[in-house]
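Please find one structure pasted underneath; my questions will follow.
For clarity, chains are labelled A, B and C in written order, and residue numbers in each chain start from 1.
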Amino acid sequence: MANQPSMSRALARRENIAGYLFMLPSLVFFIGFVVIPMALCVYTSFFDAGMDRNTPDVFVGFANYAELWKDAVFLKALKNTFIIVFVSVPVVCVFSLWVASAIYRMKESIMSLFRIIFYLPVVTGSVAVTVVWKWIYNNYYGVLNYVLKGAGVIDRNINWLGDQRFALWGIIIILLTTSVGQPIVLYVSALGNVDATLVEAAEVDGATDMQTFWKVRWPLIMPTTLYILVITTINSFQCFALIQLLTSGGPNYATETVMYYIYYAAFKLYRFGYGNAMGVILAIFIGLLSALQFRLAKEK
Amino acid sequence: MNTGVKRVTAYKVVSVILLILFAILFAFPLYWIITGALKTPAAINATTPEWIPHEFTLRNFQVLFTKRSAPLYELPIPFTKLKVLGATAPAAIRWLLNTVFMAVMAMLLTCVTAAAAGYALAKKRFRGRYVIFSLIVAAMALPKQVILIPLIREISALGLYDNIWAVIFPTVGWPFGVFLMKQFSEGIPGEMLEAARIDGASELRTFTSVVVPIIKPGIGALAIFTFINSWNDYFMQLIMLTSNSNLTISLGIATMQAENSTDYGLIMAGAALASVPIIIVFLIFQKYFTQGITMGAVKG
Amino acid sequence: MKKFLAIALALVMVLGLAACGGTVTSTEDAAPSANDAADGAATSITLWTYPIGGWGDEATVKSLTDAFTAETGIAVTVEYLTYADGDDKVNTALTAGQGPDLIMEGPERLVANWGATGYMVDLSDIISPDDISELNVAAMEACYAPTGEVYEYPLVMTAHCMGVNLDAFKEAGADQYLDLENHTWTTEQFIAAVNALEEHFGGAVGAVFCGGQGGDQGTRALVNNLYEGAFTDPDHTEYTWDSEENIKALKTLYDLKGIEFNPAIAGGDEIALFYNETLKMAFCWNIAQQLNPNSADTGAGKTINGSEIVFMAFPCEDNIRPVQLQGGIWGFGIFDNGNQAKIDAAKQFIQFMCDSEHTIDAVRAANFFPVRTTVNAWSDNEIMQEYNKLMPMLGDYYQVTPGWAQARTAWWNMLQQVGQSDGSEAAIKAAVEQFCAEANAGA
């Protein structure tokens, strides 16, 4: 019995060493290409640093941060970023749940056809998809105006990406088409896995369709929903390509996002320090959002 | 009961019609890319859309393949400053090769590192695991724009700028894979690990012969996810690659689009080349794709 | 297993495509990499070029660089930039400390941007007094930094202008407003023509494109000329586009039914819309485009439906100030990457292209006019001879004003805000003043 503590100490050491060794390859990349750059980002955000070789970087403390809150463009970009996330995340979830519940009881071949079609924009790639959407939204002969005019919804062409009232929504719609593919696949299989006897039991008890859905299916697909929330949130922050290729943040900053504004500050305004300060702020917001999501996930 | 059936049918009809409309919307960009690539310049520039091409031409692909050229491959000879250059080929083919190489390498490296790290986080009780896991969760949704400037400088200091590895490494460092693998590894029964240890299996052997077979579906999901993400990660490619012969297909097409904005047919041919190969791969393996993705969601 | 299948399949597909591409020519050959010892002479240099006429075309450029390599033994690797993302690309590379050796563009980037931020090499030592006497004075002047260094060796120049669809003008009866002999028109004639076209065709006939990225010279010249405004002060120290004349010009453009402020398109898109006859006039036009056949191959100076395109100066008020066209000047600059051997090789390259018997080929490749007055590149070309009529209308080259990169960006944002406003004079004035102040903050 005397050697019991030392046994567990040896065990603990073995666990520690094994743990670190298994973590090592991943940590090399994670620390090297995420953590270190992030630390440098925080560091540079306290400097007035730029491209100019002739002027050295100057330490300015929190001046970059102070300026951010007075920068109308940054505030607009922050607002747009959150509009994109808070609109697209729920819409993606609801839309994909609707599609999934409509197709999961269909014939295998038809269901998989639908599943493929809704997944197509994901595999087509944002750059290729952008080329087509640019044409769909075209002010002069774009197909959207053509169809809407033909249907009598509008009577004159709308410059979808060139009008500050519509541009952000135009971007969000493209983002949605490239986001729902995976959630649909996930929901289809989650719904398929719901135990049929539970549903039948509820129906025998006289529950309506809506009731069986909310009382039986919804709780059972909850883990899937949470997972979808996480990946859709991640995805919504990755809308850089759409904005860079379609609107460059315009018109009149209507589609400016923090992600694009960081790039813009660095390479159009040559203000590295300022751009990094934006990055830090965005990282803080995203950290809070993630924490919130995980708190939510834990509670459920 | 009768009315209930009727109501369900009416709902079904409406939802099927809506589904078909949405399916058309989702399939349209790809249809338009493929037909556009085969249209004559006159047809593609027509101000009323030509829904079904009247005349097919390979002219756009001819232009695409003769516009830029690059050696088909480049192999540096170790310990010398020499490299072997492949035959001169259309640059678009080289871009495609680069992209395949990039996506496959990112996929392999991510799977290996993330599987090991995820297992360690879930099953090894080493010190600091909570800190590491929190960091990973916090960084998961972080857009890469945040670390734009520091990352460029770091990559350059490593001598990797304008090198395909400059895109691969940060992708591998992105911690979503570790998170996913950790969720998976939670499901490994502790008794199996215990049994392996009693049998005297080394840590590595336990990992390869017990852990990996159990989390294989998860690895499959991660592989698909990483492959598509890396293929579509336009931003990292944009900031890291400059030489014609190092471009990826997305980047090459974006450049071509900027360069020849008057030649829409050429752009469509480029978009087709960028998307059709990956779509063919997807169609052939779509069963595994959907299976893999689904397995990825057993846990939230 | 499925992973490997996927890889194998992708590879097979790619190789299959390569076999169909049809330009596979030689077998493998070993080439020395781009690394050179710092002490020896450089054996290779890199050139990044913007699409300056034929300098954006791989086959054309290759024949020029091959001639250079044959003479000097220095290999040249060329990368082709676009106006949409070229600046970002160069800036990224400079941030990474991996800029190219040579860059081809105009003083607005080479002098005002990368020269001013300390990335360029002074070229004074390869420009002799003899050279200066042979080079166009205005073009050469634009290549000097305020501190006296020369950051660009100019090769070609042109005047930017407008293109109009003559057949459409005739159809709408608007050709009466064009002076086809001198290629000029007045502000009143321009307004009358736009209205006539708008009445005949309906919708927008011209677009003030402001999606950013390239073609800014067109919108600047349009606004500045309508009522004799100026973009900067004569000393190039301050941006003055908040003047009354410019505000009046913007208001006029806003009020014209046939002119649309369109932030969804950039200069290149405008040309595409002009080629397919959606727009009847283009503000982003120049001689290289006049000479260049379109994608449908209906010939130079033709739309894709074969309508005739004529070039015009920008409209200006009669009898007040002659029109001032925006100059385009293009040449070479050298980035200081700390390798003297590369810098010397790059200088050799510049002299080969700008100061030798090969200069005529380099000029003709660009489809623009030579800066070196002794080079007679275009005596055999009628269109170029005709275009020469615009050259005396060249105005001040103000693109070297400090803070130019920021000013260009502010200009786009200003146009976007004007276009999105209600068009009242107060709203336009507010937008102009806000962004002009932003531009001046960078000056």
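Basically, contacts are C-beta pairs under 8 Å (C-beta built on N, C-alpha and C of every residue); 3 or more make two chains touch, one makes a residue touch a chain.
Keep in mind it's a predicted model, so treat the numbers as computed, not measured.
Enquirer: Where centres are the averaged C-alpha coordinates, which chain has the largest centre distance to chain A?
Expert: C
Enquirer: So which has more C-beta pairs touching, B-C or A-C?
Expert: Looking at contacts between chains, B-C has the larger number.
Enquirer: Rounded to the nearest whole Å, what is the centre-to-centre distance of chain A and chain B, using the mean of the C-alpha atoms as each centre?
Expert: 16
Enquirer: Would you kindly tell me how far, in whole Å, the mean C-alpha position of chain C lies from that of chain B?
Expert: Measuring from centre to centre gives 36 Å for this pair.
Enquirer: Going by the touch rule set out above, which residues of chain A reach two or more other chains?
Expert: Those would be 140-141, 263, 266, 272.
Enquirer: Note the residues in chain C that touch 2 or more other chains, in rising order.
Expert: 88, 92, 95, 213, 278, in rising order.
Enquirer: Note the residues in chain B that touch 2 or more other chains, in rising order.
Expert: Chain B, residues with two or more chain partners: 47, 149, 153, 238, 254, 264.
Enquirer: Along chain B, where are the residues that touch chain A in the complex?
Expert: Those in contact with chain A are residues 8, 15-16, 19, 22-23, 25-30, 32-33, 36, 47-49, 109, 112-114, 116-117, 119-121, 124-127, 129, 132, 135-143, 145-151, 153-154, 169-170, 172-176, 178, 203, 207, 228, 231-232, 234-235, 238, 250-251, 253-254, 257, 264, 267-268, 271-272, 274-275, 278-279, 282-283, 286, 289-290, 293-294, 296-300.
Enquirer: How about chain A: which of its residues touch chain B in the complex?
Expert: 12, 14-23, 25-27, 29-38, 40-41, 44, 98-99, 102-103, 112, 114-129, 131-133, 135-136, 140-141, 143, 146, 177, 182, 185-186, 189-190, 209, 222-228, 230, 233-234, 237-238, 240-241, 244-245, 258-260, 262-263, 266, 272, 275-276, 279-280, 282-283, 286-287, 289-291, 294, 297
Enquirer: Spell out the part of chain C that touches chain A in their complex, as residue ranges.
Expert: Against chain A, the touching part of chain C is residues 87-88, 91-92, 94-95, 116-119, 203-204, 210-213, 260, 262-265, 273, 278, 405-406, 409, 412-413, 416-417, 419-420, 442.
Enquirer: Please output the residues of chain C touching chain B within their complex, sorted ascending.
Expert: It is residues 2-3, 5-7, 9-11, 13-14, 17-18, 21-33, 35, 51, 56, 58, 77, 79-80, 82-85, 88-89, 92-93, 95-98, 213, 266, 268-269, 271-272, 275-278, 294-297, 304 of chain C that touch chain B.
Enquirer: Spell out the part of chain B that touches chain C in their complex, as residue ranges.
Expert: 40-42, 45-47, 65-69, 72, 76-77, 81-90, 93, 96-97, 100, 104, 107, 149, 152-153, 155-156, 161-162, 220, 223, 238-239, 242-244, 254-255, 258-266, 277, 280-281, 284-285, 288
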